[in-house]
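These notes concern the structure reproduced below.
Chains here go by letter, A, B, C and D, matching the order in which they are written, and residues are numbered from 1 within each.
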Amino acid sequence: MTPRPTTTPDHLRDAVPGHLRDAVAAARQDVTTLHGELLRWGLVAWTAGNVSARVRDPRGEGDLAVIKPSGLAYDDLTPDSMVVLDLDGNVLEGTLSPSSDTGSHLYVYRNLPDVGGVVHTHSPYATAWAARREPVPCVLTAIADEFGGEIPVGPFALIGNESIGAGIVDTLTGHRSPAVLMASHGVFTIGATAKAAVKAAVMCEDAARAVHLARQLGPVEPLRDEDIDILYTRYQNVYGQH
Amino acid sequence: MTPRPTTTPDHLRDAVPGHLRDAVAAARQDVTTLHGELLRWGLVAWTAGNVSARVRDPRGEGDLAVIKPSGLAYDDLTPDSMVVLDLDGNVLEGTLSPSSDTGSHLYVYRNLPDVGGVVHTHSPYATAWAARREPVPCVLTAIADEFGGEIPVGPFALIGNESIGAGIVDTLTGHRSPAVLMASHGVFTIGATAKAAVKAAVMCEDAARAVHLARQLGPVEPLRDEDIDILYTRYQNVYGQH
Amino acid sequence: MTPRPTTTPDHLRDAVPGHLRDAVAAARQDVTTLHGELLRWGLVAWTAGNVSARVRDPRGEGDLAVIKPSGLAYDDLTPDSMVVLDLDGNVLEGTLSPSSDTGSHLYVYRNLPDVGGVVHTHSPYATAWAARREPVPCVLTAIADEFGGEIPVGPFALIGNESIGAGIVDTLTGHRSPAVLMASHGVFTIGATAKAAVKAAVMCEDAARAVHLARQLGPVEPLRDEDIDILYTRYQNVYGQH
Amino acid sequence: MTPRPTTTPDHLRDAVPGHLRDAVAAARQDVTTLHGELLRWGLVAWTAGNVSARVRDPRGEGDLAVIKPSGLAYDDLTPDSMVVLDLDGNVLEGTLSPSSDTGSHLYVYRNLPDVGGVVHTHSPYATAWAARREPVPCVLTAIADEFGGEIPVGPFALIGNESIGAGIVDTLTGHRSPAVLMASHGVFTIGATAKAAVKAAVMCEDAARAVHLARQLGPVEPLRDEDIDILYTRYQNVYGQH
């Protein structure tokens, strides 16, 4: 079971290794800024959504994660208010309790080494699909681009042990989608960076909304698998700046 | 019947007891700021929504309430424009008429001693459920967290006497939910503080919207009672900063 | 037929009588500010919506109207860019062409002497009811408060002659509602002031949206006529500051 | 096939002819500002939408186009970050890769000489109609004004060759509408200027939303063809400042 982060003994705090200090400082800033993007794109109500970033340890002594404190208003977030933990959940820096979803974020980092950022939201349209436990079908080119197929549904899992983390990892392993709709709950997204995970959360809600609206007035024709493959491959390789 | 606040004799104004002056000043500021949150989260149109805060009297001589003046634009609200009343509806400070919903707020304070804040909105999705007189079912973990079950419906009641207040108190007594959908009307929420009541109003609209969207495209599976209990208990005790 | 305002001869411009100059200046400012409210409350796309104000002539020599120029972006509106006309459509001040809806606004001022402000929008939910040519039923207390019954539908009418104006006046005469849903077109609202007409436009969209959302998931119980009467009478007399 | 812009040899960069420098600078500014309008009117998520402007060469030696770089955040766009290409896709100025939709924009410019601006979005309601491959019917006067009839659907086409561009041109040729709903994809709009194309994109989403909402609760009566003709002709000639 994931250790309860809030029971970390005081002697472990302020324990970020010197060679990771700059990377942690940069991640604190990134994660603060990216929570503003959750708000801006309408993905969160009140304090219900969080972003974390992995800080890779080039010496291989153990990666860290930077995450939002629990229940703080987005306006009140600052780089200094963020919580820094090791991937076992020990708090290394921070006086506030970390997000109650921290255990799920850390499980993802421990089990998916390529993931550099995790985002959790209850964004409304995606959560509606999650409530029905129905994947968002790949009926638009933008969904093929970003998700390479449908946006899948993960299991129903209670918070407080590893079951949410395991549900995320099991569902996304071997799947192109960086987003999973956790049944009766909400969205988790992953990315090579925290920014990429936030982008996936924005695009997941955008896809969920467009297909919701389309389906309200009639059936929608799915894309062909070969077209999805062409679109996904092209987008992952050509889009953006390289 | 609740006294008409606007008929308070002039000699009662500026009558806040000295030992409550600081608490009243703080409440004026809080209530002003929190009205901005109603606007920010899309819960109100024009001037249709209000927040109040109880000011507790540690001497037990009688609590007070601070509430928005009637019909004022949210942009024009200032701490000084707020109205201070005793719980019988006598205006102690303020030159403007208090919100036309004041009687309902005061009834709640008189009858639910633990309540420190009350919010009223016509937020659109919650009001849609209220119009159908249908509770929002507990089909998402966030609803179990915040409301501990469905968001209940209160009776249809006309403004101007105690029937709205009584409908709120009767519905919420013995219920975990801090929100009630008043039939054919809108939402009232309560909290230990005015901020907590505003949070409940934000989360009520968020829940009402997500379930609305979910139900538009198919049936939604309810959570099991034992899972709701686990989620509610955990959230009330672990979430946020302690 | 309403004279084409844009054909006003030059010698009529800058022809506001001296005793109305201050009132015209105040109306220019009001109308500019109120267009910002259309934007803020989501009632308009691009430039599709307009507000006008009547300037009453205390000497009885002829009221004036101040209205938005046609096709100007809301950000570019200033008091100086507004167009001042007499109620026959002669431009007295202004170098820009007035709103293409000017003829309808002026028809209302000529035929409803109590009206001091007119607003036109294509706000989305209200326009949806207008497209179906279906009144918004009075199923919420807020609708009883503001509209005193259903929000009625006016006839289909083409722009360019008096038929829109006549449709507005015919529908609203003898009706409590300050808003009319013009068939297959959009919303016109009236008020004692331009601000009151803007409030009616905001509340019309709010009502149209709430009832739309309610009806999407099931039938909605109408309010009883006697309750509507009580609510409407109370709201018109008690709400706000007097 | 459209040349891959990113393979432009370095010696072609900074190759804007001297007599077009001022017009290119103005277009860089316009296109930057207009991307802000996509954001403001809710037409885009993250970076998924783009605006381009044609720069006409009065000497007839070859028009240019100014377009957004691929994958850049809207907040980070500046006039200097824009990419300038000739209509065959050779980059003349710019260090960033142009939008991945550049080929489609250029195809439109090459084949529709009157077009001065092109916009592409996945705006949610319009994309919902595109997903169903269903035109937006002309049931509102505003749709007759702007589109002169229904908003048509173009073919399904994959990005990367000329098929999207050809689908846009084939669908809009001989059609009054400046907007086309590309099947299972999104919206392309054209205009005499980039600003006109942005306006068409805003109005297309507004129309798509209003008709979506109308149709959700019942059937909608179409306008008569003769009324559409009257409205379209009048709006194109009378609306705005001339």
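Going forward, contacts are C-beta pairs under 8 Å (C-beta built on N, C-alpha and C of every residue); 3 or more make two chains touch, one makes a residue touch a chain.
As the structure is a prediction and not an experimental result, all values here were calculated from the model.
Novice: Quickly list, by label, the chains bordering both subunit C and subunit D.
Specialist: none
Novice: What's the minimum number of touch steps needed to get from subunit B to subunit D?
Specialist: The distance in steps between these two chains is 2.
Novice: Farthest from subunit B by Cα centre, which chain is it? Let me know.
Specialist: Of all the other chains, the one whose centre lies farthest from subunit B is D.
Novice: If I list every residue number at the interface of subunit A and subunit D, are over half of them used by both copies, so same, or under half, so different?
Specialist: Copies use mostly different positions to touch.
Novice: Whole-Å distance, subunit A centre to subunit C centre, using C-alpha means?
Specialist: Chain centres of subunit A and subunit C, defined by C-alpha means, are spaced 46 Å apart.
Novice: Using CA atom averages as chain centres, what separation in Å is found between subunit A and subunit B?
Specialist: 33
Novice: If you look at subunit A, which of its residues touch at least two other chains?
Specialist: 216 - these are the residues of subunit A that touch more than one other chain.
Novice: Sort the chain contact graph into one of these: line, ring, star, complete or other.
Specialist: It is a ring, because the chains touch in a row that closes back on itself.
Novice: What are all the touching pairs of chains?
Specialist: Final set of chain pairs in contact is A-B, A-D, B-C, C-D.
Novice: Any idea which subunit D residues touch subunit A in the complex?
Specialist: Residues 45-46, 48, 69-72, 96-97, 100, 122, 124-125, 127-134, 158-160, 184-186, 212, 215-216 of subunit D touch subunit A in their complex.
Novice: Which residues of subunit D touch subunit C in their complex?
Specialist: Interface residues on the subunit D side: 41, 139-142, 199, 202-203, 205-206, 209-211, 213-214, 216-221, 223, 227, 230-231, 234-235, 238-242.
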